[in-house]
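Okay, got some structures for you below.
Same chain, two partners: chain A is paired with chain B first, then with chain C.
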Partner chain A sequence: MTGIFLCTCRRKKDPSAWLERAAKSLAGIPFFPYDAMCAPEGIRFAAARVKGEKLDKLLLAGCAALLHEGYCERISRAAGIPASGIDAVVLPARASSAEAVRIIRRAHAALELIPRFEIRRVPLGQEVLVVGDGQVGAQTAREVAALGYRTTLIEKDAPAACAAAADVEILSPATLASLDGRPGAYTARLRTSREGERQETERVFGAVVIAAGAPGADTRAAPFSPGRVIPLADLEGSIERQPRRDWPRLVAIVLDFCVDEGRASTEAALRSALAVRERFRREVTVLLRDVRVAARGLEALYDQARVAGVTFVKHAGSPRIRSSREGVVVSCRDTVLGEDVEISCGLAAVSVDGLPACADPSLAAAAGIDLDAYGRLQQNNVHLLPELSNRQGVFVIGACRGEAYQPEVLRDARDAAFSVHALLSQKILKVELSHALVDGDRCAVCLTCVRVCPFKAMRIDENEKKADCIAESCRRCGICVGECPAKAITLPAYADAIVMARAGMAERPTIGAVGER
Partner chain B sequence: MKRYLVIGSGVAGGTAAGELARQGHKVFILESTGRIGGKVLSYCCKATDSCSRCGVCVAHDRIADALRHPRVSVMTGARIEKVESGGRATIVSGFFSNPRIAHNICTDCKACIEACPAGSISRYSRGGLTFTAIDYTSCLLQKGKKCSACADACPADAIRTAGGPKRRFTVAVDGVLIATGHETFNPVVKARLGYGRLPGVMTGLEAEQVLSRQDWLPAPVNGGGGDSAGVPARSVAFIQCVGSRDPRLKRNFCSSVCCAYALRMSRMLKARNPDMDIAVYYIDIQNFDKVFTPFRAELDRMGIRFVRGIPSAVARTGGQRLSLLIEDPEGKRATAEHDVVVLSIGVAPPEGAAEMASLFGLELDEFGFLRSNLAGVRVAGTCGEPQGIIDSIASARAAALELVR
Partner chain C sequence: MKTSVRAGQITTLLCENSGWKAYVEIGLDPALQGLDVQKIPCSGRVDAGLLLALLERGSAGVLVVGCPKDNCTYLQGNYRAEKRLAVARAALREAGLDENLVRLEFLSSLDSCRLRDAVLDFKRYLDDHSSS
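Entry: the complex of A and B
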């Protein structure tokens, strides 16, 4: 039974006649006027009536204060009614009783139709999977383990090089083959190989952190050529090994070859340029679109490089690199001088981060994570920055997501550990079962919903031969409802009848009569 | 359950408070003014027909989350006077101002706004964030009068005045998060750019405030301007790095946020006024988005002009326009005319950073930003390093982790 609580605090001018008319029109419905519903006494009044009259739903009518989320939470707690059983409508300050009754009746009709949703209490698994044993993955694993979660770290290359804490279980070489299930209990199929023999194990994890590192670039293809055009990372190695006499007169370092690079490559380029300049007294030219110095200490490093005599050429578009008799020629448009320049050098180092990037597509598919326009993990969505993903309880950080600047990724590692903790420390996830429902008779198992769901909440139930929605993953967005060609899916809190009732269409005999006046 | 103190109620402070409270801890927020939320409340949404991922709405949600939480208490008009160490706890004492609003009980009924005889109470509402703010400079109770009109009018009992205008407090907490935000660089220092002298020269922050109300920037008319009564500017220049990357001002660091706000604002202006001429004068564009190259290409396609080099001076032309003096590396001089010049001012350490450092025993870096090596005291957001909204949120959560573990 739905009780109507009408707040009369805004009706200072003798509300009794008004109320009498309203009560008469609403005869048969439990109706309780009160003069300050938003005050603590109002909440106590409602809670007492709910108990006394055995009400299971509340409709509040009055000013906009009743729409406030915090208020809804408080009255929900006091009255012991879930939020889905509470609705509030705003009555215009000078509404006639007939107008008020019409507004109340519509909301009441809609609320009556809303089913009483069960609350499912799901235990949250206290085991965490970390994918990738680079610095970021290892750091995350340590942080998560320190918070008291059983942590497993997998690495695709053998042997695992990481120095994770002793209480972290390490599997390597191991890859993630698939990730199914729901937040708090993801089933991961892990593919390991022991002594050449491939094995697959299934493990359940409460949360997953993906820190798979930068995708490997093909350093044999253009623009690279051995000994002349090398990856920037190899230049750093040569600085340690190569004697002074083997260094050419001029070294070029090329950033932003195709796409704009971040602070990580800028820092690496500046450090290498300084080392070559100061240790071997060679000319160094750094070619880049812009100097990315948006972090503590990078501007000072850039100043230091300029003072040391490193030349900077700011190019537009992509530089061209070709071989010549003495070595390599890098040509580009210099945007400071406004003219084309050619640089002949003995050695060119190109940062792989500036090449068209591409994450490991098999990992993305296995983990069910979207790709961004660069092909890296996780679409560019401000609401999911910096570590959240399209799947609740699955977090993505580091170079596989597109951030490689060390202070930032170490912060993101702590951030991801915090997210894991925020989710799993609840121990129990309370889920209102108002998720999308699939009508098995209509479902043609066409997979449209599985494809369009941004949250990987739809799957195929093999026993029932129909699509099925995971309540914990579903965010009640309604995309599957709209896209299903068989009209087999509904969101029970937004069923057609409820929406029609709320819009006042239920009172009308035909659907054609849209519009009020 | 542990107890934490968060100093500052902006993006970083709000995020940390909300997260800590959600994990079952009790959180006190200290805010020095009567208005919570910090600077982010005056930033505009920079979406066109698509989101530009500025994060202003995300920040609003974060702050709203903290305010609504029953375990978060906000003390406004607050000041810290003493910090002592009490074993594992930190004991912080000072005062806060009354009347104080319990934001987690307030139902936004506006009764206090109607009741206040001095008009000191206002309401902020944008996106998911709605709250009531008190201007303590005009509040009668703060002026020594006997007034409790707002508290008497509140039907939800959410306004408290007990303890007089300045109420003393002492809290013992398990951890302190300092998130006092930043100041913006005052461009009057760079006199040749004409800020405060030439109508039509405004700061990026002022442009944000104008653009959160309307779609265009006002050009100066008849020597006036600067307010929304002007005519729409047809040509706008953004000058980057004003007060950033400048060794002569002892500010040779990048402010990290100016390229992001200027480029997003220019995209929004251009999308709404396609005929507008927009030029961005810059040294280096700092990429700020996960997928930056297509974003930058979109700006080029839209016809936003990128001019490398910072104009050295702004002057008034015979008409109502502004003339920018541009010197190229070879010393050749040129001028460019615009209606409005937006100075992308940088981030400066917060007012009172030195005081905060001495109270808690922290270090200041060479530019005056806060740093902490103490286990129970963490620094997050722009008071530690210039950073954008998303980074401030991330730094606050990372700092919260260090406090709870």
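Entry: the complex of A and C
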């Protein structure tokens, strides 16, 4: 039974006749006017009535405060009714009783169409897989293991570079071949090779942390040329070895060659530029899109470089680098001057991180993680920062995500461990079964929903020969509903019929069958 | 003869992560009184069928509001909505109707004033283009 709670806080001057008329029109529906419905007393009032009258859904009507964030959730907790069974509508301040009743009736009709959802309790596995490379992977595995989870670390290259903690199982060399299933029980196919023999094993993990590095770009291909255009990392080596007389008059350091880089590259460039400038008294020009100094000590390092006489050029797009026997010419658009500039130098150092192809696409495909515009793991979306991914229970940190600044990565490793803990320490995940439902008679198994679901919640049920939604992975966004060409998918809490009812159009005639769902 | 469109005839489908929050902040604004406001989980939920069904059943126009690009809570929803709106527009065009009866806006949960402006602008457009 749905109960209607009317907040009359803005209707103190209204004659009681208004309420009487409204109550009469709503005869048969439990109707409770209360003058402080939008206040904490209202929450207690509603909770008491729900118990007394055995209501299972609530419609709140009245002032705009009822819509405020968290209010319906508080009523939901106090009255023990799921949030999907509570709706709120605002009545215009001067609405007549007939108008108010019309608005209430529409919302009531829509609410009646929302089914009662069952709650499924699914156990969460307490084992964690860390897909790592080197120090970051080992650190992440240590952090996760320290929180009390059985941790497995897989590394692509044998043998494991860093010894993780004693209670971490290390598989090396091993790669992730695929990752299926739901949060709390991901099935990972691990490909290991022992004594030249390839083996595949299937293991189940509650959560997965990807802390992989980025494969370095090819330093033999363009724009590199030996001795003239070198990787930035090699410049650091030259500073240690090369005598002063061998240094050219001008050295250029190019960052953000193609892809925006992070603080790690800025720090490396600043340190090298300062060393060349101060030790060998050579001119240094640093070309970059933005100086990224949002970390401890970087701003001071930048100031130091400026004081020492390092020149900074902000460029747009991609610089062009031409090298010949006479030297190297770097040309780019200077965004400060608004002109094209050419810098002739004896040596150019290009940061490898600025070249495209920064993440391992096979890892992304195996783990079901999206790539951003630069080909790095995890989409460039603020809701995912710093460690979340498009799959719940799968976390991404480190250079494969484009963050190579060491202090930041180690902090992200701890963040990821805490996120794993926040998910798995619940032991049992309560899932409301309001996820997308697929009508098997309409489903043509076209795979559209599998392709468009950002959260990898759709899969094909081989037995039923239809698409199927994993309730634990589904975020109830309805993208699959909008995309399904056969109109086979419904989101029960936001079905077309509910939208129509709320708009007061349910009873109006229509020509086609659209809007049937 | 041109007739004025009542606010109640415009259907607004608001993404509950952006447009709906913006509406909650400014719901009492006189310009928005009586507007048919609907909360949807994500702008990606809309499909051409729903938009056309709403128009068919008497909506003067449908305004869909989603999160700014690359800021969708569900990662892709607003891009999907853009494609779905294009399909609905094409269908309207093919039927010889005004394709601008459906409109998509991207705004954040703090853009209450932009939401109001979007509704008013849409209402003005519908007022100018509605026939009696």
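By definition in this document, the second predicted complex is superposed on the first by the 368 of 517 C-alpha atoms of A that agree within 3 Å, B and C clash if a C-alpha of one lies under 4 Å from a C-alpha of the other, contacts with A are read in each partner's own complex, and residues count from 1 in each chain.
One rule holds for everything that comes next: a residue touches a chain if its C-beta (ideal position, glycine included) is under 8 Å from a C-beta of that chain, and two chains touch if they have at least 3 such contacts.
Since we're looking at a predicted model, the values are computed, not measured.
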So, does A:280 touch the first partner chain B, the second partner chain C, both, or neither? neither
Go through the superposed model and pick first if A:500 touches only chain B, second if only chain C, both, or neither. second
A:300 contacts which: chain B (first), chain C (second), both, neither? first
Identify which of chain B and chain C touches the larger number of residues of chain A. B
Let me test your reading of the model: by the given contact rule, A:18 touches which partner, first (chain B), second (chain C), both or neither? neither
Please indicate which partner A:146 is in contact with in the superposed arrangement: first for chain B, second for chain C, both, or neither. first
Determine, under the contact definition given at the top, whether A:487 touches first (chain B), second (chain C), both, or neither. second
Classify the contacts of A:385 with the two partner chains as first (chain B alone), second (chain C alone), both, or neither. first
Residues of chain A contacting chain B in one complex and chain C in the other: 64, 68-69, 380-383
Okay, in this complex, where on chain A does chain C touch? 64, 67-69, 90, 92-93, 370, 379-384, 390, 452, 454-455, 475-479, 481-483, 487, 491, 493-494, 496, 499-500, 502-505, 508-512, 514-515
Show me the residue ranges of chain C that touch chain A in the complex, using the header's touch definition. 11, 13, 21, 24, 27-28, 33-34, 36, 38, 40-42, 44-47, 49-50, 52-54, 56-59, 70-77, 80-81, 84
Residues of chain A touching chain B in the complex: 9, 36, 38-40, 63-66, 68-71, 73, 143, 146-147, 258-262, 289-296, 298-300, 303, 314, 335-337, 372-374, 376, 378, 380-383, 385-387, 401-403, 408, 411-412, 414-415, 417-419, 421-422, 425
For the chain B and chain A complex, residues of the former touching the latter: 19, 22-23, 51, 53-55, 57-58, 68, 104-109, 130, 155-157, 245, 247, 252-256, 259, 284-294, 296, 308-309, 329, 365, 385-386, 390-391, 394-395, 397-398, 400-402, 404-405
